[in-house]
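Structure first, then comments.
Going in written order, the chains are labelled A, B, C and D, and every chain counts its residues from 1.
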């Protein structure tokens, strides 16, 4: 009985993240538009775009290979799996033991690996530019993330997200190291999701693109999957931050329907807050030059390392 | 009598060292050969005196060899060689006579310092003898190091051998083997050197080793 | 004092002596090469019979465990070199580099050299040993000058002068030893005989022995080729006929080393005398490191390996200087391996210089392609000599380095440093010569005799993998004798 | 029994290597040798996995050092490495059956190949110092000959020179280490070494020497210079063995001496391996990212992985010294598992590089591109290898890195301050190298296999033979298996950890659902199988849904590229431009990268030139001074070769006087 219930919760989670991700994008756009005194498209606009793309015929570049065609499915699948294993409304998902925090980060790494390769497949200069920059950002962001994971896991004594969440819920105290980790994670999240000031998701100005450059040649269903994956990734990062630093309202493992519903509401609320903050932040900053990004990410990495060191050193005191 | 024989032996050995210094000092080839003959003659006397006081008749043979070969045959043949090669001129030296003499004195002192304590238990006759012999050997070597001319080097080498003979003669009752070998080696050495001088003469204008060094392989 | 033993040791001296006399009158070079070979072979067989009889004393000659090692090695390398020499000299005659008169002289001298070396090893008496070493020097001087080129004469001249000075110093040392022994052993023959010297060594005047050892070490050390006295060695190796280079490196150096070891044992037996170890270690290390650096600038293949001989003599002197059962064992082993390997290398080098028509390293390339047998032979030889397993030199280097490092780590560091520097130099030259595009060969039709080359290498390989227990026990015994 | 089998097999390999002496000119000898090697390696693999019971097997042969003999043994560690060596050997042999024919001078290569295999096996089996070093150097020697396969190329000759010199340096360091271990009495067999008491300065000395010896052979950071030169120079199946297997044999040497012979560890033993491991990992992967020679890139990445393994071993030492046996076992198992994994995917990648080389004749990725069209199978297999080595789930590279991270997370309770500071730094290095590794392989794969062909050779490439593909597929399959079912492999490694650490990880077959949990499930767990199934299922579901409910229509058209695609393939992103951001941000520190731009003035017609200069700082600061010092000293001493006779006599004279003065005192 519990198994069926757990399975249900897991499936619900998978469906929820899938549904919510494009809405989150739409919401952020809407808030940004409001901030700029524009009306903006409706929140469901990303979903409409996706469905339209899915319906369309896919145009493939002449020398695109099998890899190019297979990559979007796997990019999507990997990101989705990662997102489904991150607790959102309920703590202790059925499959949460399948991948701990490090594995989730690595799954995102797999997605990036595939995407960067896909960008190079057609053999255009823009694809290369995007992949190259993505690779550089990734090389700095990933270790920074690992350091953040170290900090949090050492504090919580586990790398399992559900364990971390319950620990954080039980010991809500202020720690310098955790605070540093939070800032570092915000930096990484901005970079990883290609938000301003690292990248501009709305731009199509060739030389400043990173993410958009990689997927320049994609169209139709492929493009839809990749867009969906990137939306999932944004959601995933917000859930990660929630789960590690603000796990309030999350339903404990084996909780009833009511608690789950509360958890769901809390999650939606937290998403909304994050979306607003993101929109405000994006509208108030300008995009930085590509070669400033390593400094930005380096700061994240250093913060992460500092936090880890603090945890290590204070452990025996 | 004992004392007197010791004194005479010492006197002769000392004279040999003195002649070694003369060799070191002499810078003309002609004179060098003459002094070498003197060196060999003093050696003869010394060895003969040893033969007399040790009652070792075989040492007279050694003395005879020294007299005939070293004091007569070798100087004469060397003289003809340098005549044929037309090298009667002055011998160049390295470092100047004064320094060389100083080094020589140092070497003599060194040999005394080294040998006298080492032979404390030995026959006093042998003690002095061996110390002087070492001095002669070292002076001969010094001469070989400082001279550039092949003939003077040979003379240096032979004075070194004279020192060896003096030592061998001074060692009481040293078996005949040594004398024979020494004589033998001197003989061979001379022949070889002669052969070499001849060959070298064939290829080079002078026996000066300085020129010989020029044709070393591998200089690049 | 068994009579058959004396027969054997006498035969070891007299067979080559007789052969030398016969060869002096033999004009046909083919015939004389055969006689040379036969005489060397017979000598080797006689040496082997020494294994069956035990150590014994004669009046003038004696055999103990120490010199059996040397004598067997020496006659064996003498024998294989005579095989190599036959084909080498044949080629030199064909190309007109040597006349038949030269060759007659050469063969006579070869046997004279063998005779004198055997005599030096077997001599029961320090005077006789000195005489034998002197004769060996003179005969090699004559052979080094065999080609009569200015370079050859110059090399012979240098060898002669330095060798004579060395031998004179050794004689002085010998006299001093006698004088040290005389108060104890009395006047006469006893004062020069090894066995009585060794028995009473502890009673000799230690200061006398100290001075004597200085002279003996420098005197015989000159012949060993140790560092400040080494100058004759590279030129003599490079300018003489290659079989003589092989004999010089493989045998003559060992004979001189044998003399040094004997006197070292004498000193070791006297507790009050200086320990000879530090002096040998210093000279050994100086030779090793000096030769190692000198290897880098060599552009003549035979000089290269001559310097390598200096290097290895340094290692051997070092090992004996360190002493103790392990290091002495290693020293003996290294000496044997070096003899075999270095002569094998010279066998290869001799033919290589003939086929390529030059001794310049820069003009020799791609040997493994143009002459696989010779080229791989050289590679194997060099691999052996630089101390790579599974060849025998590795075993001795293993023992030298590890035993030294366990005892005196600070001494092992310069040793290892020298080994590495030398390794780098030789390997660099080897790669240049054995690999790459092959250079043109001057002579394609050299009938190389590969048997001695590969026989030596096979022995060295065998020694690296398996040492017969008898040999080990014997070496260990000798190592113990050496103290 | 397994030990005898192993011994016979090693003998067989040596016999096989001498085959060409008897059958010199026969065609097909090379292939015969490879087939025999395959068979023998398979047998040796069997010998490694036959159950032996808990005790080590021993055997003494009357060879080698006379008073010790040739000692051989087969214990858990040996068995593990025997398995790694022969798995690599067998697959390389399969590959070589197809590939070997393309190599110049195939028979020579095949002969030394067999000898090389024999040497590696013997190192692992050896149980005394002499046999160990003989085998060790024999392995170097055989591989040296293999590096010289293409000896007409001066660059390869230089590589072989540096290689053997460094190998010799390492062997001498090990020799000295054994000198200390064996002691004055010369007890060089491992059994007596294990028993012997030792001072702490001696253990310190041994540790440093072993790190020099095994580290130089494995390619640890400041001693790595030979590796990127030598590994690529050999034929690819040999490169695979050298990178994938020989470096592991070197690590075996480290483990054997430090974990087994040297006795119980002190905490400071861990500092050196971890520090140098971390430095190697980061420096090497940065270099790899800049390489345009595919095989050189792989070689640099080998150094990175060796660094990772050393980090694991160092951690394990630290834990063990602090009595934390389970974490020690986690770190140790992580290291061993990474050894196994790396041997799989590095071989696979070298085989792939070899296939590319066969098909195009090119190693330079700047002249490749688009191979995915002409060699789709190789491209797929190589992609798998890249995925595995970039430590991405669900393949095996990730699992060992993950275990390594878990071990680091267990370390804060260690009391030593230095470790508290070092371990997080090492963690950053590990994470950084993993991330950079991913970029490196994106670049390698993207430039070489994707995009448009940059040369005619790349355009006309043909798929390689079945043997090569078979070997690669096998390795990829194994990598995938190890990634999906890591619990099985970790349990297999456990006895080794048990024997050498004293503790072990919990048995993984008791963890449900084929997951792995290094300490406890509540702490961390990972299930490769489930992740893999979920990914494949959701990818497949997505495709199925899209094709069913939306559109599956596809049309081919010219690439868009913002409106216009330049037909010249030179406009593609190249390898060096791909690496430019990393070079700019990290390169200046690591390898003093200098960019020079020569821009013509307006009106000038000449072409603009851009050049990048990359220097290996370690090489400049460590090796160049040594070489120039040797050159200077030898030049200076060389004057002594040209003295006159008098001057030589003067030397003798001076020595004499000096000694006499000494004696007179």
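Observations, loosely collected:
As a working rule, contacts are C-beta pairs under 8 Å (C-beta built on N, C-alpha and C of every residue); 3 or more make two chains touch, one makes a residue touch a chain.
All values derive from a computational prediction rather than experimental measurement.
Of all chains present, the one whose mean CA position sits nearest the global mean of protein CA atoms is D. Interface comparison, C-D versus B-C: the higher number of contacting C-beta pairs is recorded for C-D.
Note: centroid distance subunit C to subunit D, computed from Cα atoms, is 44 Å. Here the spacing of subunit B and subunit C, counted between their Cα centres, is 31 Å.
With centres defined as mean CA coordinates, subunit B is found 99 Å away from subunit A.
Separating the CA-averaged centres of subunit A and subunit C is a span of 78 Å. In subunit B, the residues that touch at least two other chains are 114, 141, 144, 153, 212-213, 216, 218. Subunit C has residues 157, 161, 165, 169, 207, 210-211 in contact with two or more other chains. Taken together, the chains touch in the following pairs: A-D, B-C, B-D, C-D. Contact residues of subunit C toward subunit B in the complex are 125, 127-128, 130-131, 134, 138, 141-142, 145, 148, 150-151, 153-154, 156-157, 160-161, 164-165, 167-169, 171-172, 174-176, 178-179, 182-183, 186-189, 191-192, 205, 207-208, 210-211, 235, 238-239, 298-300, 303.
Those residues of subunit D whose C-beta lies close enough to touch subunit A in the complex are 369-370, 372-373, 376, 379, 383, 387, 390-393, 398, 402, 405-406, 408-409, 411-413, 415, 420-421, 423-425, 427-428, 431-432, 434-436, 438-439, 441-443, 445-447, 450-452, 513, 515, 521-527, 530-531, 534-540, 542-543, 546, 550-562, 565-566, 569, 571-574, 577-582, 584-585. Every residue of subunit D that touches subunit C in the complex is listed here, in rising order: 62-67, 129-130, 133-135, 137-138, 140-141, 148, 151-152, 154, 157, 160-161, 164-165, 168-169, 172, 175-176, 178-180, 182-184, 186, 188, 205, 630-631, 633-635, 637-638, 640-641, 643, 645, 648-649, 651-652, 654-656, 659-660, 662-663.
Partner subunit B is touched in their complex by these residues of subunit D: 641-642, 644-646, 649-650, 652-653, 656-657, 660-661, 663-664.
Put simply, subunit C touches subunit D in their complex at residues 157-158, 161-162, 165-166, 169, 207, 210-211, 214-215, 217-218, 222, 228-229, 231-232, 234, 274, 279, 290, 293-297, 324, 326, 368, 383, 386, 388-390, 394-395, 397-399, 401-407, 409, 412, 416, 419-421, 423-425, 427-428, 431-432, 435-437, 464-467, 469, 472.
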